[in-house]
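Here it is, the structure, as structure tokens.
All chains are identified by letter, namely A, B and C, in their written order; residue positions are counted from 1 within each chain.
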Amino acid sequence: MRSPKVIPTLLLTLMSGLAVAQGESVAELAYALDTFALLMCAVLVIHMKPGFALLEAGLHGSKNVINIFMKNYATFAIAGIAFWAVGFSIMYGSSLFISGYEADLYPGAADFFFQMVFAATAATIVSGAIGGRMKFGAYLVFAVVMTAVIYPFLGSWHWGGGWLEALGFYDFAGSSVVHAVGGFAALGGVLAVGPRLGRYIGGRVKAMPGHNMPLAGLGVFLLWIGWFGFNGGSQLAFSSVADAQAIATVFLNTNFAAAAGAAAALLLSWGVYRKPDFSMTLNGVIAGLVSITAGPDVINGIWAIVAGAIGGVLVFGSILLLDRLKIDDPVGAISAHGTAGIWGTIAVGVFGGANIGVQVIGTLAYSLAAFAGSYALFMALKATIGLRVDAKEEVTGLDVAEHGAAGYLNADSLNDPVLVGAGD
Amino acid sequence: MRSPKVIPTLLLTLMSGLAVAQGESVAELAYALDTFALLMCAVLVIHMKPGFALLEAGLHGSKNVINIFMKNYATFAIAGIAFWAVGFSIMYGSSLFISGYEADLYPGAADFFFQMVFAATAATIVSGAIGGRMKFGAYLVFAVVMTAVIYPFLGSWHWGGGWLEALGFYDFAGSSVVHAVGGFAALGGVLAVGPRLGRYIGGRVKAMPGHNMPLAGLGVFLLWIGWFGFNGGSQLAFSSVADAQAIATVFLNTNFAAAAGAAAALLLSWGVYRKPDFSMTLNGVIAGLVSITAGPDVINGIWAIVAGAIGGVLVFGSILLLDRLKIDDPVGAISAHGTAGIWGTIAVGVFGGANIGVQVIGTLAYSLAAFAGSYALFMALKATIGLRVDAKEEVTGLDVAEHGAAGYLNADSLNDPVLVGAGD
Amino acid sequence: MRSPKVIPTLLLTLMSGLAVAQGESVAELAYALDTFALLMCAVLVIHMKPGFALLEAGLHGSKNVINIFMKNYATFAIAGIAFWAVGFSIMYGSSLFISGYEADLYPGAADFFFQMVFAATAATIVSGAIGGRMKFGAYLVFAVVMTAVIYPFLGSWHWGGGWLEALGFYDFAGSSVVHAVGGFAALGGVLAVGPRLGRYIGGRVKAMPGHNMPLAGLGVFLLWIGWFGFNGGSQLAFSSVADAQAIATVFLNTNFAAAAGAAAALLLSWGVYRKPDFSMTLNGVIAGLVSITAGPDVINGIWAIVAGAIGGVLVFGSILLLDRLKIDDPVGAISAHGTAGIWGTIAVGVFGGANIGVQVIGTLAYSLAAFAGSYALFMALKATIGLRVDAKEEVTGLDVAEHGAAGYLNADSLNDPVLVGAGD
């Protein structure tokens, strides 16, 4: 923030009569615009971090909010370091290792930064599904392995130029690479850790509603906002007319699908329950977004609406089905990211011209591999450091049990707090 | 997110010696910058959606928060589809219908996307004012008609090149077209649905304070942030020196007016109540922003401060007046958007060089037409599907009555929840 | 939002064959990109305003949330006017006074707008540290003097081209100029106003944990997001290849340091308390960010991680030390901004090639001067209008005592509210 560097602009002016220098200037400007746009899109994606944290916190009990925020902060911090130290080179080849790495259209640092926030997203999807009963330390180990190895290895299959890329698989921004991977890794975690205490008693599902709907409502708005960076930024270039047209199309189709997913889940819950349901509507938004993420550049207009609406219907059915199977996902992450992620990938075949067979192969490969890797990892953690807090801690809540503090204090207890946060 | 498209940049470099190709490249870059900037501004405007939801939720009781979020989500979803299917062509003429539509400076999709978030804003303004007592289904019908017909039809008068445009009416970003329209549509809704139970008993106004001030406080910060996209993006072009100067001026004047509106309402409430009032300060921010929205490019510096401060004073008086008239607006939307919207439009005549008479005609036309259209629609709904929940539902709260779930659960009730959210 | 201005683009196309005009066009585009990027960065920085408000609100009791939001709104409003009317010319010289002022790379309005949000940040840092016991009016006077005089005068030493600039002092985005200044101004305020009632009884520190951790958790995510604008925007130029590379590096190093600060504080609290602590982790994020703020362009990769981690360790120790000294900072602002600000400034010497001696001189000068100026001002306020609310008001909470309203109402009290907000 010292004196602005005026030299480049002065140079531009001085060189104005020189066509050759001019060409360099135009290419330079394109490089600068591509860089700035990619960084802004990455910052939009980072909005998804508080988005997930708020959604998960709101849909859990008030006794688990600190634990949820701690997991989300830790995931982003871990991704920021582990994906740099290890993951990026696994995903994009050793020659792309970040030190000295240069991309074509913008600095390597910008490219890495954008890819890193995707790795963090894939891992974060898991944190909500296993909420309320997993040990904090066990989750941290998962987050390290997920962002350093699992996500990068799976990502290499397509975005790293691997076998799915060779097959012609198409996943523009990650319906499979990020969301199905995250959603089915969540399934692995949920099966390994088991349902929350008291969730399934006899043949019945006990409702365990979230404690704070405004948090959840804000969270999904932040996800919606962040998704424009997620999908729009995945164009990876911004400075040509064709790129500009593609990005505008991507923004619009992303919004169409989110709106349609919300509308479908809202109306379906209204029909089935006789009341329009809030958490279903929120999951409808996410499912709509995930459903367009593989093809926001090629599934256009009315078809983006249809794809998103189908996502909204699928997430509704998937949430009910998982509960029937006694698979306890407190936030619906397996359904909104996993189920909708498979659908979104196939939708590019149905509506966007990709080869349906290849899309099916690719998304199943991603889903199965993510599930298997995650499940194996969580079971290994279960056999070693332990995966689940004990029953008393779960009833008390992870905030006090794992972090020694309460997420909320009311006015009365403030005058004589019984719960004392360490470090306060 | 596959391999970046390097071809355009390579081409740029190869063409660097060719002056003609060079010219195309510069125009191409300008197109790309205009596109990206407009999309970023649209995303900023979308921050206003959680902004409104949080403000409204915070200023209502805790029993109505799900209903408020559901209305805000539904409004944005509806606008995203209805303004595309119907509204845009009404507002900008059939030749501009979105399919195949191309704008001059950027893709048609970007232009539509930006205009759509404005339509959503106009409708959302209404949701808070009629909060706590209107049937969800009736509101949804309103949101469809508002974003598909009322707002587009009224918008066509000015931004669509209609009679007010021909008269020389000036409303840069929508003090009248969006905010007075939204505010007076809210007045129509409030008169049709009536005040909340117990609000006006005998000659007295019973205070019904909101339940969560941090939500309201966050909401207005998001509105303030979003407004930079709202006003700044309304320049609609970003790649010339003149445009850049205009946009910087717009950002600065927008902030001046918001700051002044906050300060004026804070100080006025301090003087009148002997204590600086929070909800008045929040409405002062909004009123300040609305007051500059018609002329952020032409009301400069000290005059932006004066315009915003007058808005802060007017919103204070307007809120008191409406309560005296037994017009129950729980969030102050009629005053902050309607009253300040009229003032902001006239302010362009007073401080910005526009014809005052035309400004008065235009803003009154917008206010009256929006009120009349909204009132007629809501009265038609009252006569058919019904507008208001029954008294028992209103006392229970719309969250349980309309959506079958509670917005909050405390720690005790979590162990044995009595309120069970459908779909959880 | 009227018809887009197509003339510039048409002109660009028409001029495409003219190399000279071409040169002007490229310079024009660079100017437009620089302007837009700086404005977007400023808007990101504004995300830090709700960030601070939420963090402070969450870490205080529920009886003080309105007061905290009021201070944060007032600070931003005051900065927006006072830094324009007075502060900017003090900081950058009278020739740069905003009227007619033009910067080199973008409009003067954009330059001022960006600098203004920094002034607001410096003042806002203080509001949390003195929370819960200072009179609202006294704080307002401080905010005016801070943004109009203290911050601008101190800022002139470096960014205004003063004696520290002449010495070769290096502070890219303000580890000292903004954060140490804010942190040590906070220390002045805390010493002047004294600790909260009951905080230090006998030789013991009574824990007074915050009432709402989700608010604090969201707040720090917003700070993290805003910091990309804070550090990235401080490059002040965006349209050359060198600038693009610098900005991408800045974004990445900023994130490295935040991640490392979080990780260090999390792990350290885990080791010391046997439980990973949430508020320490949050302060670790902030300390990591402050630690890189002086040199995000020159402290690269692993060294950014090391610098951030040291910041996370220092904030932990600093918070414990201040409590031992009975210096009551409810939010840790003195440690996260002051202590880490000193470290971050020195870190540019250790890891970034700056002269360590000059860095030490500069940061100590900033810290001492900010402390002295703030302490003198607050003591003067104490001797005149009074600094502290009386004990009864402090126990009641500042929301009711100073603003006549409650921050929260529960469902029961809503049916018959005993606390009535003025103006509702």
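To be clear about the criterion, a residue touches a chain if its C-beta (ideal position, glycine included) is under 8 Å from a C-beta of that chain, and two chains touch if they have at least 3 such contacts.
The shown structure was predicted, so the numbers you read here are calculated from the model rather than taken from an experiment.
Chain A and chain C carry the same sequence, and matching their CA atoms takes a turn of 120 degrees, rounded to a multiple of 5. As for how the two copies chain A and chain B face one another, under half of their interface residue numbers coincide. If you average the CA atoms of chain A and of chain B, the two centres end up 29 Å from each other.
Annotation for chain C: residues touching 2 or more other chains are 19, 22, 26, 29, 31, 33-34, 40, 212, 218, 408.
On chain A, the positions that touch chain C within their shared complex are 1-6, 8-9, 12-13, 15-19, 22, 25-26, 28-29, 31-33, 35-36, 39-40, 42-43, 46-47, 49-50, 53-54, 57, 65-66, 69-70, 72-74, 76-81, 84, 98-99, 106-110, 112-113, 116, 136, 212, 215, 218, 399, 402-411, 414-415, 417, 419-424.
Taken together, the chain A residues at the contact with chain B in this complex read 19-20, 22-24, 26-27, 29-31, 33-34, 37, 40, 44, 61-63, 103-105, 115, 118, 158-159, 161, 165, 172-174, 177, 207-214, 217-218, 220-222, 224-225, 228, 232, 234, 236-245, 247-249, 251-252, 255-256, 258-260, 262-263, 266, 269, 273, 275-282, 285, 301, 305, 316, 319, 395, 397, 408.
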